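Have a look at the structure that comes next, please.
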């Protein structure tokens, strides 16, 4: 199993999240590429440290929206979106190579992640950028999403990720954040869910019953209160059960 | 001899210069990387076309200053400047590779070009970025500049460029633009100067006499009135005299 | 009748449109406020010249999107959109006052204009900014739009504008640009339509018949080929028929 | 005596400093205007809260440099700098008026503050913006600075500010931050110095002896560890000695 988290999401004077703590927990780092966060000097530091820790570096590509932190959907033309993704991929790669590593995968950020989970047009534009850049680069995404389908069509590898701190519907979809109980905060319970996903590929569904959640990576968040503790609890549970944690890429 | 020019200096809705005409003239294209000009979609189009024309793609790296078009000096810390250059280099490389090419050289833009011609600290920061990225990547720069010295010290290749439309002092320096006669506009005269630089490595100095200007590349401008005609005149003169025009990189 | 046009849409080194020619034609200038175009120095020059010509200055507020020129819809929260509009209004006002004038009206730009024509939530957010800033400031908008309704509800004056170079449906809506014949290019025909709108409040509808288009302002474009000629033809037709041209605000 | 501090220096997702705590301490708030920090929604919240607390709102204008937090000098042309200041002043004013207040003064931020303390050209450009906007608006600045001189020449009121946590030379200049002992951290000692400045217009100089520091406002910082405690200690000392704290503007 792989644990991924968003890292390097500061910008110049502004810091965000506890990158040092998370780099002790995760096996893959989704590094901000400058469009929603991550100025060049921050990227440089983040990538160096990730490579030193043996953590895989992924490109956390975004809509160009610093002020909105990439959390607002944008009606961008496919060719422009593809170019935006290529630009960010290349920029991050420069730091990865300078640090003796490589960009290992792509994970879109925020509103772009959510948009390409359901919009085949923007999903295809993101996948097209990966195909042009390096068709062997995997795309980390939601199982059953439009992004997964677009990747399959283009011959790009989609890697499924799950969220131990999010409620799932009986159909295996995430319960929208706007609904009560959509986000879980209890470290013990989240860790238990992570363990079941990792070892059985199943998790309790909202409203009872179980649902199959077969994923190769689990996402842990780092920029909310208590998030590092949650991530550490997940890691400890997996380690304790003998689950091998390693990058998928 | 090589002819280089700035290209891809539009931004989104805004165009600048006659890239199509210049790509018929030059052998090397200094492509804007997004910090003073050049949004991702513009970079994509520019690089594709350059590669199709067999024109070498260079990274026209800049201070981050869209509104000032990179023409204003910035007191940036060396580590930040290095990271800015790495970021731009990598971003451009993604498009170059996607188009079947490579970034072949680096030419800083505007105020950064002028600053590193005289400031060893910022010059070393730019060179350090190149060294970390790919020490084999040449830096196009002014002969006798601090940038040239910084490159020599770091084992990075500096390639000398000349300006056929600029007056030179007897010491081989450019006459500052603020002085009368610093910039030449007559195509015939500029072409004749270019030819002498290319074939004899010498040019008439301001105030009389001659000066050695031994350069591997000549810069032609593209975004001022009459500039394309000037560039075409230079190209015609060199072609007519049997000078082989080809990228230096 | 009033003639309005977009002005000041350059940005730093980049120019757009023939502002000097348009300022001889129009009575109201929709001045870009920095979010899709218009750096401070450009705003300063544009507003000074508009005030000198007796042309009314309006705030052409936009989504924050330089690279997309404000032409891409953004899923922005209402409070953020209101704040964005307030920010731009105030910024423009500083230049208007320094030039001895005032901001006389608001006309949203591009994707924001289109969005608030149909989206009551974003429309209300724009109107809320105007209400907080100065409830007496009119909003220039499409008749029958959500923006007009939101203004009415908040006690803000909505001023109707028409487009002489756009085809109208029999219901008085604009024919979408994607349909053939949606945009008219013949100066004579456009001028004739402008004159009928101004004098009779009617215009020929697409597919035959007539439709009422009662507007207080006509929009003329300035940044497309032939647009200045079109604007001049409209102005000449109105002047020739004795229609008094003056700002609505 | 007045106590001023920088406020509203977050940007979108990123927060900075403890604005709530500082608003209980200071009488004047230097509010970031969007060029180094302060997106519109943050400005809106900050200004509303300041006005509710009876804290005077000042425009903390800056070079356009989000990534550098306005801490890097920029070789900007005077007309462009003036326009940048006007733009920020107006933008902030919109929020101040909407909150029932007004912008009461101008305090340049970071590198711009330091630059206009010694550069008469950029100082005159900042003052020219104030003169065009509202000649009655005071400029908060360092006593004996080029900014003070430029204000005097233009008929703009300069208000002197002091720094209780900075060492002064016997000539009344600030000891540069690069020298040891330039910044004081002990709350008791800083508070004592603030009190002497406020009641006697004098303070102990570096190296012994005393120096006259006659100021109308004391600056307290808010974004460094322990800074709020320092500010509270200063406030307590002044309150305890019966010094009336009120905005200068």
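Every chain is named by a letter (A, B, C and D) in the order it is written, and numbering of its residues begins at 1.
The working rule: a contact is a pair of C-beta atoms (placed from the backbone, for glycine too) under 8 Å apart; a residue touches a chain by one contact, two chains touch by 3 or more.
The model shown is predicted, which means the values in this text are computed figures rather than measured ones.
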{"item": "Assembly fragments, chain B aside and the remaining chains unmoved", "value": "one piece"}
{"item": "Candidate from C-D, B-C or A-B with the same interface as A-D, over half of contact pairs in common", "value": "B-C"}
{"item": "Whole-Å separation of chain centres (CA-atom averages), chain B against chain C", "value": "41"}
{"item": "Inter-centroid spacing, chain C versus chain A (mean Cα positions, whole Å)", "value": "42"}
{"item": "Touching two or more other chains - residue numbers and ranges from chain C", "value": "39, 67-68, 80"}
{"item": "Touching residues (chain side chain A, partner chain B) in the complex", "value": "34, 39-41, 43-44, 79-80, 82-84, 86-95, 97-98, 132-133"}
{"item": "Chain D to chain B touching residues, read off their complex", "value": "64-65, 67-68, 72-77, 80, 111"}
{"item": "Footprint of chain B on chain C - complex, ascending", "value": "10-16, 37, 39, 66-69, 71"}
